[in-house]
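Per-chain residue numbering starts at 1, and chain names A, B and C are given in the order in which the chains are listed.
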């Protein structure tokens, strides 16, 4: 059985309460860190662990922490990014809902390492009920002395608050998140300066994903070196994967990085194969923004090696034949799926979520959606495929924040691997009633 | 700090942006800028027209930057090498940006007061494609009045945020801002409030397009039929240094003076802008400098006509058609 | 776009007096403000707008936004800028129960479109509309993080997942029987799976 470090106790009754969580060994990392380690030692262990950001970008966490500026007399903040909104991703919700103390414990331990007196958990507004669960957990933690003044009798004091958002994917971008946390529109900031130097209210700030922060606890408990032994190469440790789409067993799975993709899709321990005995057509492996891959390329690399669930293996071959681990939002599509229509839902999503600050994204995402709509109502020309390709190319890399890429990549990959399907749809001139979508757009416009 | 832009080197102080350095070298290397405004804090970064390629980060770290950067918001490093017009990739990318800025623009230049001094017209002409590939309906907004002097024609807006920054930095009670999001974003006031501040008229001058226009000038005259002269008065509120737009004996419009990058030199107050429309209110200094490529230079300046005459004389001397004879 | 968001000044002033938080809501607001350092009360804006929307009939009128601005000591336009940016804030009146059906990839793969059409037929309204009795508003939403339990809809704080037509019937019946306003801030959320 594969090792689990984050959600191993998710089925224990009452694990959402502090009492049961503690009985299962919870809050040990706080004890260990505060009583036996200086803050830099904690950072050192995280560095040794090789932990990489679990939100999608995969940046080494220890390195991110070491960039934090520490000027005298200026407060530093830890902000947890719980704005999970990437289509296909629901792992953070699962973790926070089932085991809220795993995040609170990580917040305290990580804040100790960073010297943050105060931390915030920014959670997407739609997860309001999860915010209630977190608030209850925080209340319990205060009552038991894990939060507040002089934790465990040490000099370390810490306050942790939850803030809800209000419906904006872009707030998952760390600087947009900070703007939102300051009570503003979720417009990404122009960098530099980076949050490590000037983040929340201009103070040095680290923004980490929920799963990243929760992973700090096992790292401190077992030591960075031990953690680094799990996984493969530079993909160390375990990862939560949100599996959805046409599979027998959708849900959240904790895997050791390096698990073969084929095993993940077909083993009964994970997705349990494709639903209704159908065959696999394509997979979006790391949330909607990563390139879609056809069945033959997701199961094996272009060189014929088995594809593994790891940062390196999934990106093997670059965007020509590979993809990214991303947020771990694993969307599986069976043989009957229309790649064109799926792409339309993605593109509509990015159009809806563009903040509107910079011109390529503000104008380009809507344009791509309109062109794709032509494929749905039977009015597309074959040349529209080239037009789509050109629009995405002119968005990619030209925007303030990565939403431009997030919107461009799915379009590029769908055309790269399924161009014939687009051309076929264009040639067939098949009319599909899309008055439905027109109505939806009206709602958005109001 | 030494920086090389399109093969031209210049020494600039620390903290200078690539765009500022390029402007110091000259117009031949300066990227176009639609949202950046040197007189406004934290402006720029939105329109993306000023993107450039950094092929060498610095002497200390020569790694090229992976993506094009907004030159208005990127500081130079010592030894940095930048490509602007010399990079085919940037020229191509900029065409894309211009196309994006234009797909929802109404292209109503024939009825737009900004025509002739519109930065988007210039941008499209100099850096855009000859035709648009956009075939869908353009988004439309209702026109609104921001007080009795300023008309907001949102269809034309490119969301440069300059007017919002003017209100934030020059006035004490901002009442307009950007509402909604994505391509539904619009500049709007909070439930039709009036911008009521003695510097509010400057939003008109900073607007690069015809989104914010002076209602006291609206539809009065094409700018190229008016003659700009620099003038001043003793004003208790602002510097009183303005530009008058004259037709015959009438002052049709008062604006701030603008520099060669089309930026306001000194912001002016509403009293100067709206309440002094007689020549006798002003000490006239002389004709304003006008870029010779500008349509505003047409019809105006004798010396230009003189140049033309000289040229024709020259041609005549070489045996071309006589100038006093029409073909 | 455009005109509908602009009310008139007079309307704004005349309605103003009626807007005031209950003691309980005010206590919540004060607690929210205290989560941030002194002088950073604007940070509480989004959570406070949630409280306001729940308190004042499920939407944010210009008067409510004015009121929130006065409590946080910020400009009204700052409230409007934020309220109009985020999709969970309603700037027009809505029904007591707002059904937000997710329509992004995984939900679509699992039949979200059929669910939307079914609800439209069942409630006899189109997406974006409210039933005549003012009980239900139907909206669509982008990915709500419920992809493994698709299709789904959110109503107030509650997530209703693995939707079927029968389940939609039951949900509508139970919300009808309950007849009360459902808000994101509800503590008595009732998720169904």
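One rule holds for everything that comes next: a contact is a pair of C-beta atoms (placed from the backbone, for glycine too) under 8 Å apart; a residue touches a chain by one contact, two chains touch by 3 or more.
Worth saying up front: this structure is predicted, and the values here are computed from it rather than measured.
**Student:** Ranking chain pairs by contacts, what comes out on top?
**Tutor:** A-C
**Student:** Nearest chain to the global Cα centroid?
**Tutor:** A
**Student:** I'd like to verify one number: the distance from the centre of chain B to the centre of chain C, where each centre is the average of its C-alpha atoms, in whole angstrom.
**Tutor:** Computed from C-alpha means, the inter-chain centre distance equals 41 Å.
**Student:** Averaged over CA atoms, how far is the centre of chain A from the centre of chain C? Could you give it in whole Å?
**Tutor:** 25
**Student:** Specify, in ascending order, the residues of chain A that touch 2 or more different other chains.
**Tutor:** Touching at least two other chains: 168, 185, 352-353, 355, 445.
**Student:** Can you list every residue of chain B that touches 2 or more other chains, as numbers and ranges?
**Tutor:** Chain B, residues with two or more chain partners: 178, 180-181, 184.
**Student:** Out of chain C, which residues touch more than one other chain, so two or more?
**Tutor:** Each of 1, 78, 81, 85 in chain C touches at least two other chains.
**Student:** Mind listing the chain B positions that touch chain C in their complex?
**Tutor:** Listed in rising order, the residues of chain B that touch chain C are 139-142, 144, 154, 173-181, 184, 186, 188-193.
**Student:** Would you tell me which residues of chain A are touching chain B in their complex?
**Tutor:** Interface residues on chain A, with respect to chain B: 168, 185, 190, 351-360, 362-367, 370, 387, 393-395, 397-400, 444-445.
**Student:** Would you mind writing out the residues of chain B in touch with chain A in their complex?
**Tutor:** Touching chain A from chain B are residues 44-48, 51, 66-68, 70, 73, 93, 96-97, 99-101, 103-104, 133-134, 136, 158-159, 178, 180-185.
**Student:** Where on chain C does chain A make contact in their complex?
**Tutor:** 1, 4, 35, 37, 40, 42-47, 49-50, 72, 74, 78, 81-82, 85-89, 92, 103-106, 108-110, 113, 116-117, 126-128, 139-150, 154, 157-159, 184-187, 189, 191
**Student:** Under the stated contact criterion, what part of chain C meets chain B in this complex?
**Tutor:** These residues of chain C touch chain B: 1-3, 5-9, 12, 62, 65, 75-78, 80-81, 84-85.
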